[in-house]
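Each of the next two complexes has chain A plus one more chain, namely chain B in the first and chain C in the second.
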Partner chain A sequence: MYVIVTYDIEQERVGKILKVCRKYLNWVQNSVFEGEITQAKFEKLKLELQENIERSRDSVRFYIISDKTLVTVEVLGQEKGSTSFMY
Partner chain B sequence: MAEPIYIFSDGILKRKENTILLETKDGKRHIPVENVSEINIFSEVDLNKRLLEFLTEKQIIVHFFNHFGYYVGSYYPREFLNSGLVILKQAEHYLNSEKRLLLARMFVKGALCNIINTLKKYNDDDQFAERIQSIRNHVENLILCSEVNQLMALEGNAREIYYSCFDRMIKSEHFQFGSRTKRPPENELNALMSFANSLLYTTVLSQIYRTHLDPRIGYLHSTNNRRFTLNLDIAEIFKPVLVDRMILTLVNRKQIKPTDFHQIAGGISMKESAKKLLVQTFEERLQDTIHHAKLKRQVSYRSLIRMEAYKIEKHILEDEEYEPYLG
Partner chain C sequence: MYVIVTYDIEQERVGKILKVCRKYLNWVQNSVFEGEITQAKFEKLKLELQENIERSRDSVRFYIISDKTLVTVEVLGQEKGSTSFMY
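The block that comes next holds the complex of A and B.
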């Protein structure tokens, strides 16, 4: 499955969330990650995030797409990060 | 599913905050470690033991290629699937000449049958009918071989017939196959084939790493002190299906042009843009799925390679006799 993660986190915890997301997904913009992920890894990611957020103040959204081919991405302006497997 | 990554830019690869960081002159890129199955390095990259330790922990294998795109070697992390039984059985099947011959014959059979299938795809107006028949005869003669060397000779013979069809399968006047040349390849098509074959070898090796099998013990290719051989055996079966058809498509669609190559001492080498195109196409091909009749579901070519390894494991454990994949 393909997941897009966006988050709105208070400054003191934002770095922590960034680091967690970097392990699982590709960074595409400030506070936005996306990429192919297995169900199991996705559950792990959610657990790790849960441990690091303040539930009453922070917010993380997951857009879950069953198949990568269902997403078309268009970009205006700068392409900041990419999901390419070639570096 | 975790995917392989390919590195073409120079820089430093390191462990940073429990993930992988690639630092290049254009900036830093974080690579999501949980989603990486293997790393292929084509450029000049500095790395340290701390990274290798981290990659071992994450069971990520690293393949290195030199400036010309030749396979140099792999960082093969400590085996995480240990099975003394499988290794013993693997060795038994190597040391017992009858058992070894049986497996080696299956690899050649798979390779030749897939060669025939590939030829059939390009067989307009029956132009290859005669040669297909002659390769078929070779397949039938496999049973007469009583030594691995004879199998190799037969395979070599059939391959020559196969390669002699290439110039008619290629619909571009700029490319000529001639005959197979290596180290270094003497023309563009041979360069493409060498590069794509090494991509296939490492792909198979990475899949073997995820089984109990030891890649050092091969059956068609003699086991020696130098290198992994089981991946070469399995790759033979997939070469016509994955590599040869891909090259023919790329050349016939003119996606690969004569300007994608340059001369090196004694041969021809691919430019970086062409290598990237080949990696991209090969990766797409590996992710392509086909319907698997036995499993009754869609399976990618990469999984198919892993399943081939499982089939060999089953064979040596005398569970189910090995039959090569035909595509």
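The block that comes next holds the complex of A and C.
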């Protein structure tokens, strides 16, 4: 399955969340990751994020699509997908 | 069609981009909008964004899915979707 993750995390935790997401998915824009992932790994990703966010203050959104071919991606401006911009 | 928009915009332009997106889609998280939109309105949204971003410095990503039922959304932590948090 294909997953897009967007997050809005308070400053003190954002570095840790970035590290967790990077283990499973591809960084494409600040606070946005995407990629193919198995159900088992997706469950692990969610668990790790759950352990590291502050539920009352942080927000993580998962868009789960059964097949990447069902999604068309368009970009305006910079295609940030290189790691040099990450935060 | 269903569109998710994520953007990474420099501070001086982010307010304008927020206003443009709000005319067409629903704010769900900082720098993330989503919603049902017609092809015609989607073209208008892209045009307006193109006129307001700095292509060499800003990044707008569109995920286009033919049908909302093809996407499952899960949220960890805060469901920010109310306008009180917007920026």
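Heads up, the rule we're going with is that the second predicted complex is superposed on the first by the 81 of 87 C-alpha atoms of A that agree within 3 Å, B and C clash if a C-alpha of one lies under 4 Å from a C-alpha of the other, contacts with A are read in each partner's own complex, and residues count from 1 in each chain.
Going forward, a residue touches a chain if its C-beta (ideal position, glycine included) is under 8 Å from a C-beta of that chain, and two chains touch if they have at least 3 such contacts.
Predicted, not measured: the structure shown is a model, and the values here were computed from it.
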Touched partner set for A:Phe62, first chain B, second chain C, both or neither: second
Touching partner for A:Lys41 - first (chain B), second (chain C), both, neither: first
Touched partner set for A:Thr6, first chain B, second chain C, both or neither: second
Touched partner set for A:Trp27, first chain B, second chain C, both or neither: first
Chain B versus chain C, judged by how many residues of chain A each one touches: C
First, second, both or neither for A:Val14, with chain B first and chain C second: neither
Partner chain in contact with A:Glu74 - chain B first, chain C second, else both or neither: second
Residues of chain A contacting chain B in one complex and chain C in the other: none
Residues on chain C engaged by chain A in the complex (per definition of touch): 4, 6-8, 28-32, 46, 49-50, 53-66, 70-80
Chain B-facing residues of chain A, complex: 19, 22-27, 35-38, 41, 44-45, 81, 85-87
Residues on chain B engaged by chain A in the complex (per definition of touch): 1-9, 17-19, 22, 29-35, 276, 279-280, 283
